[in-house]
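For reference, the structures are reproduced in the following blocks.
One chain, subunit A, appears in both complexes that follow, with subunit B as partner in the first and subunit C in the second.
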Partner chain A sequence: MSADSQNIVFDNVSKFYGDVLGVNRVTLTIPPGITSLVGPNGSGKTTLMNLMTGLLQPTRGTIGVLGVSPNHPEQLFRQLGYCTQFDSFPRGFTGYQFVYSFLRLYGCTHAEAEEFTWAAIERVKLVEAAHRKIAGYSKGMRQRIKLAQSTCHGPSVLVLDEPLNGLDPLVRAEVIALLRSLAEEGMHIIISSHVLHEVDMISDQVVLLSNGYVIAEGKIRGVRGELDEQPMQVMIRCGKPASLAAKVFEHDSVVEARMHSDGKGLLVKTRDPDKFYLLLNQLALNGIGLESVVPADDDVNSLYEYLIGGEEPAR
Partner chain B sequence: MKTLWFAQIAAILQLEMRKTFLSRRGLWVYLLALFPLIPFAGHSIESTIRGRPCDFGHDTNVYASIFQLLDLRVVVFFGCLGIFMNLFRGEVLDRSLHYYFLAPVRREILVVGKYLAGLIAAVTIFTTSTILQWIAMYAHFPSRTVLDYLNDGNGWSHLIAYAVTTVFACIGYGSLFLLTGALFRNPIFPAAGILIWEGINSFLPSILQKFSVIYYLKSLVPIDAQPNLEAPFALLTVNTDPVPAVVAIVGMLAFTLLVIVIAALQVRRMEINYGTD
Partner chain C sequence: MAVHKRSYRAYEGALTPRWSRFLILTRYAAKGVFQSRIITGLFVISFFYPLLMIAGLYLNHNTQVLSMLKLASDQILVINGTFFLVLMTVQAAFAFLMTAFIGPNMIAPDLANNALPLYFCRPLSRTEYVTGRACVIFFVLSFITWIPGLLIFAIEGTLSGPAWAWDHRNFAFGIFIGSVLWLLLLTLIALAISAWVRWKLIAGALLLAVMFASSGFATAVNEILRVKAGFYLDPANLIAAIWARFFDVPIHTEMSITGAYAGIAVICGFCVLLLSRKIRAFEVVK
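Then we have the complex of A and B:
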C-alpha cells in the first residue's frame, strides 16, 4: 500500500477567489491521528478543508485523500465525513431526517439507515430531540447533529470545522474523548479550532496557517524544536531557585533565568535544551533538589505566539 | 453499482418531492397553473346561466389558441422556471447545497435525480391543469355532444395530444431552467433572454426556429389555433414549418439530453462558496 493511499496529500495546492488568495502553494502530508489546523480568521483553514472535500476546486495543484481525488465524491464520501461550519440545514428537517436521509443517499436500506441513524444520534446524546425540527435546536444541538451526520457511516477520515463551537463544557469533554478514541482506532481527524488549549490537548500534529500559507507543520514539539531563534523555556520547581539560577547561568546556552513569583521556581530560557537537560541531571546528582522540570512553551499557544505573533488570534 | 444509482436517485426524489410539491415558496406555481381555468370556467358558467348556445368548433379553436398563447408560453414556461431554476439555486440561497455535495453521490446522479423530481412535480401540476381546462371548456355543452366528440370525433386524441404537449413542454423548459439555475448566480437575465428567444421564435428564419422548445411543441399540438386570430397572435401560433410529431419528440428528447449533460458538467465543477471562510 503506497503512502499516498494512507495519507491526505496536498501537492502544491493554491486556491484563489478571483484576485483574493485563499491558500497558496500548500504542500502537506497528513498522517493518521488528530491534526489541527490553526490560524487566525482568513488564514485559509476552511479553504483547506473545503478543498480536501471537493466543495472547492483548486486553482492549481492536486489533492488526494487516502488516494482518492476530491473530484470523485462517490468514492471520497464513502470514507470521509465532513462536519462543516455552515450552520444551515435542508428546510424543515428534523435531526433524525438529517442523518437518515444522508444514509439513504449513501445507499443504505431503510433498516440499515434507521439503525445507523439511531447509533449516531445516541453517540451525540440527542435521542430525545431527534424528531424535533433542527430549526428549533440550540447552537450546541445543531453542532452535535452535524457531528452525528458526519460520523454515521463510519468514515476513516473525519474533517471537523470548529466542531467544539457552541458546545457546553460537559459535551466538549465528551466530544474530545470521542475524537481521541476515534484517532486511536487509526482514523484521520482533521480539526480546526480557535481554542488553542483544546487543540493542544487533543492534537497529535498541527498545521499553522497564516494569510493562506502553511508556516509550520508537524508534531508540536518537533515544530517547537525547529524554532531556533526562540530560546526554549523550561519551568523548574525547586526549593532553592536562587542557588539554581546562579548555577545555570554558568552554562553559556542559558540566555535568561527568571524567578517565579511564588519564589519556588525558576523560568529558564535556553538555546540548547539538550545540553541544558544534561546540566540539570548533573545538578540534581550534586544535590540541588528539583521537584519538577516542565517545558513551558512547547504548546500550540506558544507556537501560535512565535509564528503568527502579532496577528489577532481567531475567536 | 446500477442498483446503488437507482437507490440514490430514489433517495434524491424522496427528498426533493416534498420540497417541490409542498414548499410555501412553490405556492405561486399552483396559482399560476390554476389561472387559465378562470376564462374557461367563466365562459362555461356564463353560457350556462344565459342559456346562450355556443359553437363547438369555435370553442375548440379558442382552446387551441389559449393553450398555445397562455398555457405553453406563459403558464408552463414560468411554472418550469419556478420549479427547475430552484433545484440548485434555491439550495444555494438556503445554503444547504453542501448537504448533497457531501454525500457519496456522483454529481451527475444528483442532476438526474433533481431533474426527475422537478419533472414529476411539473408534469403532475401542469398536465392536471391542462386536463381541467379542457373539461372546463366543454362543461357547458350537453353531455351527448361531448361524448360524441370524444368517441366519434377527435376528442380523446386531442386531449391526449394536449397532455403530451404539456409533458414535453415540461421536459424541454425544465432542462433549460435546470441548466440556467446551475450556471448563473442571478438567473433573471438569462431567463428573460430565453423568454424573448421563445417569444420571437415565430418571427425568426426557419433555421433559427429549430433552436427553441416552442418550435417542437407547436408541431405536437393537435390544432394550429383559431384561424381568424389577429396578428401578431396568429404568427405566434401558426407553425410555418411543421415537423412530424415523431421528429418533434425525438428532437426534443435529444435537446433535453444535451442540456442535461451540460448541466451535469457544470454541477460537477460547481463550488460551495456561501461567502464564509
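Then we have the complex of A and C:
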C-alpha cells in the first residue's frame, strides 16, 4: 500500500476567491491520528477543510484523501465524514431523523440506515434524546448529534470544523474523549480549533496556518525543536533555585534564568536543550535536589505565540 | 503519535443507486409540505373545480337526467377547447397559489441554517439537490393540474367514444405539455426566490409580486412603446398562448408560439442561473 493511500496529501494547493487568497502553495501530508489546524481567523483553516472534502475546488494543485481525489465525491465520501462549524440542521428534525435521513441520502437501505443510526447515536450517548427535536437540544447535544451524523456511515477520515466551539468544560471533555477513542480505533481526524490548550491535549500533530500559508506542521515537540531562534524554556522545581541558577549560568547553553515567583523554581532559557539536560543530570548526581524538570514552551500556545503571535490573541 | 489499534472498520456494503437518492429529499420535503394546514386546505379546495366538471360530464352523458331536465346533451357543458382552457386556467391559478406557500420553504431554511454542506457531503450534487427540491413542487402541483386535466379528458373520451378522443388528442397534449411548462416555470421561479430571499413571508409575497408585476410591466411596455412584444415578459401570457394553440382557442395577445416557448426557456434559464449562483457548498465572502 502506498503512503498516499494511507495519508491525506496536499500537493502545492492554492485557492483564490477571485482576488482574495484562501490558501497558497500548501504542501502537506497528514498521517492517521488527530491533526489540528491552528491559526487565526481568515488563516485558511476552513478553506483547507473544504478543499479536502471537495466542497471547494483548488485553483491550483492536487489533493488526495487516502488516495482518492475530491473530484470523485462518490468514492471520497465513502471514507470521509465532515462536520461543519455551523449548527446546520434541516428544520423540524429529531436527532434520529437527522442521522437516519442523511444515511438514506448516502445510499443506505432502510434497515442499514436504521442500524447505523442507532450505532452512531449510541456512540455519542444520545439514545434517550434521539426522538426529541434538535431545536430543543443543548449546544453540547447538537455538537454530539453532528458528530453522530458525520461518523454514522463509517468514514475513515473525519473532518471537524471547530468541534469544541461553545461547549462547556464537561461536554468538551466528553467530546475530546470521543475523538480520542475514534482516533485510537484508527481514524484520521482533522480538527480546526482556536482553543489552544485543548488542541495541545488531543492532537498528535498540528498544522499552523497564517494568512493562507502553512507556517509549520508536524508533531508539536518536533516543530518546537526546529525553532532555533527561540531559546527553549525549561521549568525546574527544586529546593534551592538560587544556587541552581548560579551553577547553570556557568554554561554557555543557558541564555536566561529567572526565579519563579513562589521561590521554589527556576525558569531557564537555553539554546541547546540536549546539552542543558545533560548538565541537569550532572547537577542532580552532584546532589542538587531536583523535584521536576518540565519543558515550559513546547506546546501549541507557545508555537502560536512564536510563529503567528500578535496577529490575533490566542485563547 | 498515538498507537492505533485499527479496530475501526469502514462501511463497505452496497449502496442504493445514486440516481434515486435525490428522491429522499423530495420525500422528506413533501412530508413537511402537508404539515401546513393552509397548504393541505388549498390542496383539497383545488380539487373542487375538476370534481364539478366530472359531475358535469357525467350529467352531460346521462340520458335519464337530461330527459328529466328536458335538456340536450350540450346544454349542460360544451366540451371543446374553451372548456379545457378554462379548466387548466383555474387549476393553474391554484397551482400558482400553492407555489406561493410551498416554494419559500424549499431552499431558504437550508441556506439560513448553512445546511447545504451536509447535503453535498453525502454526496449530493447541486443539480440533484435542486432536482430533489423541485420535484416536491412539481409532484404536488401535478395532482392539481395535468393529472385531473387528463383524467377529465379520459372520462370524456370514454363517454363520447374513442373517435372523440382521437379527434381531440391535441387537448391531451395541451393539458400535459402546457401544465408541465407552467409547473416548470413556477417551480424554478419559486426555487430561485427561495434561494435568494431567506424570509418565508417575503419570498411568498415576492413570488406573487413577480407574477403580477410582470403582467403589469408587460402591459406598460406595450402601452408606452406601442408594441405587442411586452406580452413575452409575462409568464402567464406565455403559457396562455401555448394552451390557446393546443386547445384551438383564439387569443388577443398576438404572440407567436415559437416566441412563447423561447420566452419560457429564457425565464427558466435565468432562474437556473440565479440558482447556480446561490446553491453552493459555501458562501464566498469577498
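One rule holds for everything that comes next: the second predicted complex is superposed on the first by the 310 of 315 C-alpha atoms of A that agree within 3 Å, B and C clash if a C-alpha of one lies under 4 Å from a C-alpha of the other, contacts with A are read in each partner's own complex, and residues count from 1 in each chain.
Definition applied: contacts are C-beta pairs under 8 Å (C-beta built on N, C-alpha and C of every residue); 3 or more make two chains touch, one makes a residue touch a chain.
Predicted model only: the values in this text are computed from it and were never measured.
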| item | value |
| --- | --- |
| Clash or fit, subunit B versus subunit C on superposed subunit A | clash |
| Of subunit C and subunit B, partner touching more subunit A residues | C |
| Partner chain in contact with A:89 - subunit B first, subunit C second, else both or neither | both |
| Which superposed partner A:57 touches (first subunit B, second subunit C, both, neither) | first |
| First (subunit B), second (subunit C), both or neither touched by A:102 | both |
| First, second, both or neither for A:265, with subunit B first and subunit C second | neither |
| Touched partner set for A:42, first subunit B, second subunit C, both or neither | first |
| Touched partner set for A:231, first subunit B, second subunit C, both or neither | neither |
| Touching partner for A:273 - first (subunit B), second (subunit C), both, neither | neither |
| Shared subunit A surface residues [contacts with subunit B and with subunit C] | 17, 46, 50, 53-56, 73-74, 76-78, 82, 84, 86, 88-92, 101-102, 104-107 |
| Subunit B-facing residues of subunit A, complex | 17, 22, 42, 44, 46-47, 50, 53-57, 71, 73-78, 82, 84-86, 88-92, 101-102, 104-107 |
| Footprint of subunit A on subunit B - complex, ascending | 4, 7-8, 11-12, 14-15, 18-19, 23, 94-96, 98-107, 109, 268-269, 271-274, 276-277 |
| Subunit A partner contacts - residues on subunit C that touch it in the complex | 1-2, 4-13, 15-16, 18, 21, 24-25, 28, 32, 35, 109-110, 113-125, 281-282, 284-286 |
| Complex contacts: residues of subunit A adjacent to subunit C | 17-20, 31-34, 46, 50, 53-56, 73-74, 76-82, 84, 86-92, 101-102, 104-109, 112, 116, 149-150, 153-156, 180, 182-187, 204-205, 219 |
